[in-house]
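One chain, chain A, appears in both complexes that follow, with chain B as partner in the first and chain C in the second.
For the complex of A and B:
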């Protein structure tokens, strides 16, 4: 029977990605969704507004994404676990509330289902919102950005976004895409506490008990400062906190690295194509490995460095013009920057199949082999 | 081809029920404990326009949601064919609604060289057949086999215009042999549950359409695929 919990016993279901997000948010204890419609995330609002009354949760459609973002922040400050969802141009408008969340340490959870860009572009799919989610806004990109590669990860990482946003008090984003939003595949739904996942109960930032300054510290949440030193003093500990939390936040998946002559690096749904391609290539005896960053911010710097120390040749595949490739360049930095050999397969706004990755990886490996052969012959 | 996941792409005009058919098939595979993934290809249009649906079912983990080539390409309109051509290769079996499209021009050992086309997209399912089938001008790529099934005509004359897609669903399921007829029936009933509640006659109508499609698949495949092998 319904004991107020959306999920009791674990169950496997066949669902759309947007539906998965809603069940994850319900399971994570989200109480309110403020949102503004934009394809391909509309069904998050549809499913939520349909299910919310059943579990005593709330929904409000605001006049735009700026309003949705600030209403979410307001709700969180008042002590409710709130979240929102958007895409494309909506993600652009969300940068201001996201920046405020960074400055004021407000645990804003935002689901982004990427569509094509720039501007209105397509309602379908892309991986072009990587920089926007990781570094958009005026500030330092003090956010957690998860890039799921399956419906299961969409569920797991949405719950994790809530857990870590509230634990570390940084905005947390789940960066899906139109494909993931609109496709159906199996997923196992579970009640997070039954799997040992701790979700902090929300607590208000304002309207606290007692006389401020006498019985308690004043709740003074600032995003405006008079002088530059004041800002620096306020900001430095936030940046330090982010760096301190980074190693525990980063997440990745990798495989077949050991004897690899080429590492395919991709994230999200393309990471899944990459993994399938690598498994297939291994069956053919090709020495190829894969690396998939699951957190794009903070980026798994040390993990990718280790991989590239073992094999400095990589093929970056993404449905954008090099946004992931740039993150890798930044992560690798210094010592490795000149020794790595980066091949790229960029398809901005276009899906990438495992067959395409197989072809690209094969062509790189064969080219390298021919080169080394001709070097020997010379 | 006998191993690996089956890849199916169904194309038609918005309103022909392409997405519902694909979705029900994937649901049936999931209920049987198979790996399954369904993804629609959607654009900005709310009505009309070409509608493609991609389904992968089998026992292996599904990689990318879309794919380059399909084992089974289903064409319900000529406009969709322009896009479907890209998913055909020499392993592909092509199924088309022969009451809407003239036989395609393909280089195919089974049927030989033929031609194609369709009626307008608006209120497709309700529209009466005009008896006119346009020709499809392009040559299709070399494929494994082509089958025409007069699904719309059958639906309109014997059942109901709206169940043409269910006939196609039955044929697709029968072709791929990845799910049992019973699983598809269950998935179909689940999907139509609230409609059947209002109009119980719908259940029989849809199940008949499904079964007719399923049996047609068996007849069409006779001779092409050795017994016990997956096409």
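For the complex of A and C:
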């Protein structure tokens, strides 16, 4: 398959999030999408199936997400850059192909547009697939998970997901949500190589050149082992590679940390509300900062530790019942865990506005000020 | 010698193979190896194994081979074939993988007429996990999960997979049932199935009646009798769809 370039000169566009994903995948050289319908990611398949023939790319609507995932793995191992997209219960089914990708180092790229859970719940929005994308499957969570905060990041991070999946050979997920999927925003589309982004050309793991057994060794790929030691010997280097790559992979955004008395931590679209809230609060003279993990796996452990050393009081806001908060606790660990003061604003399956975060942050700051005042008066 | 005892495409370094004594898998893989040898297509083959006893075939051939997950070898091979149409994709699986946990893949790959070959080893039992009832277990068959025998009123009748997909198989499909009791005819069936792919006509599905004395708890005589009589009576051998 050839890769006719879908984007040459940079272009300013106004697009839906699902459309942005498709342009990013085209720009990153994705050759084939295997997908199954589930809201709110359907338009990824729609735009792709319309655009794919124009750029000589392929599409297959499969019978379920298991099939989409395993066909994607088959396509990648046969040497093509393939990806898929899903949501909610589809993300659950995707754990099976994702775990095979972890074990066999297959660069599976998966776009997840979160919907409400548990169960069928809503088709609209949530941030409830954090654990599922970061640690789902029977294994060790050897994946890269990006949480974009804007359509521009949706474009940038989808391209990055392809680049890093193929560079480091771990599955890479872009964790968007129904709001991002279904709203329109201005985005700059660009050709990745023109911005110095290196996208490794795909290479096959099976169907290699030459007669196997005569001109070369046959390629034999396994994921089942007979004894515990055999598994450990196979798995340990994969875990080591993940830890080795983690510092280069982690990404975050932060602001107004220096003199902050409270740090608002949020990811994805809520991270954007958090940043807006902090900017408003600063205008009112409130000493508040923000921290937004962009990679949820690997988590920017050291960055958040640094921030919490400077200011151990944080407000975690998320559209889930504490999934990000738990990731923070794991990241912080040890001594710091006991010294941090964590306030939470959990709204599972609900959107969070900057006004709500301002209100919550103000209430924490004012309470703290009253406490210290009453301590002085006593 | 008119017939090689070991097909050229078998990997010598991994023989003797890892299947139990009396297991039919070796004979199925012999028939496949003979067919690949005769068509001289080893270079094009991507061989995928399901999970269950079929996973033991992961290093059996001098083919590029991938061990997949239970029931998922069909979509895996579909994916490989869709991006590299010149490959000969072979999905190797048991009856549990094909007719229970992965049946949706077999049905939909047949509906789409995906240009892949599916080999289903039917030994009427989940063998690797210790002998539970399979979709193909015969009425009255004693298994670990049907200690009093499969009771059709409760557990249903065995699934005739090839007949099921033959009922809607599109033009160009090749669907057959063979048996390990006749390896040379089985190898001819495999060859026809592979030719069907090489001619880009449609999907090729071959079910093979096979033996599992370990889980059947039968001696050589009863093993053979079960295969030749009970199984063959319920699952007729022959071509169901061909052109």
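Just so we're on the same page, the second predicted complex is superposed on the first by the 366 of 378 C-alpha atoms of A that agree within 3 Å, B and C clash if a C-alpha of one lies under 4 Å from a C-alpha of the other, contacts with A are read in each partner's own complex, and residues count from 1 in each chain.
Convention: contacts are C-beta pairs under 8 Å (C-beta built on N, C-alpha and C of every residue); 3 or more make two chains touch, one makes a residue touch a chain.
Here the structure is a predicted model, which is why all the values come from computation and not from measurement.
Asks: So, does A:356 touch the first partner chain B, the second partner chain C, both, or neither?
Replies: first
Asks: Per the contact definition in the header, classify A:376: touching chain B only (first), chain C only (second), both, or neither.
Replies: Neither: A:376 stays clear of chain B and chain C.
Asks: So, does A:198 touch the first partner chain B, the second partner chain C, both, or neither?
Replies: neither
Asks: If we overlay the two complexes on their shared chain A, which of chain B and chain C does A:71 touch? Say first, second, both or neither.
Replies: Only chain C; A:71 stays clear of chain B.
Asks: Look at A:185 in the shared chain and tell me whether it touches chain B only, chain C only, both, or neither; answer first, second, both or neither.
Replies: Once the two structures are laid over each other on A, A:185 reaches chain B alone.
Asks: Touch test for A:227: chain B only (first), chain C only (second), both, or neither?
Replies: Touch status of A:227: no partner.
Asks: Using the touch criterion from the header, give the chain among chain B and chain C with more contacted residues in chain A.
Replies: For chain A, the partner with the higher number of touched residues is C.
Asks: Where on chain A do chain B and chain C both make contact?
Replies: The answer is that chain A has no such residue.
Asks: Sort out for me which residues of chain A touch chain C in the complex.
Replies: Interface residues on the chain A side: 1, 31-32, 34, 58, 60, 62-64, 66-80, 82, 96-97, 100, 204-208, 210-214, 218-224.
Asks: Considering only the defined contacts, which chain A positions touch chain B in the complex?
Replies: 14, 122-124, 179, 182-186, 269-270, 272-273, 275-277, 351-356
Asks: Within the complex, which stretch of chain C touches chain A?
Replies: 9, 11, 42-44, 46, 48, 51, 55, 58-59, 61-69, 71-72, 74-84, 87, 89, 104-105, 107-108
Asks: Once bound in the complex, which stretches of chain B touch chain A?
Replies: 23, 26-27, 30-31, 35-44, 61-69
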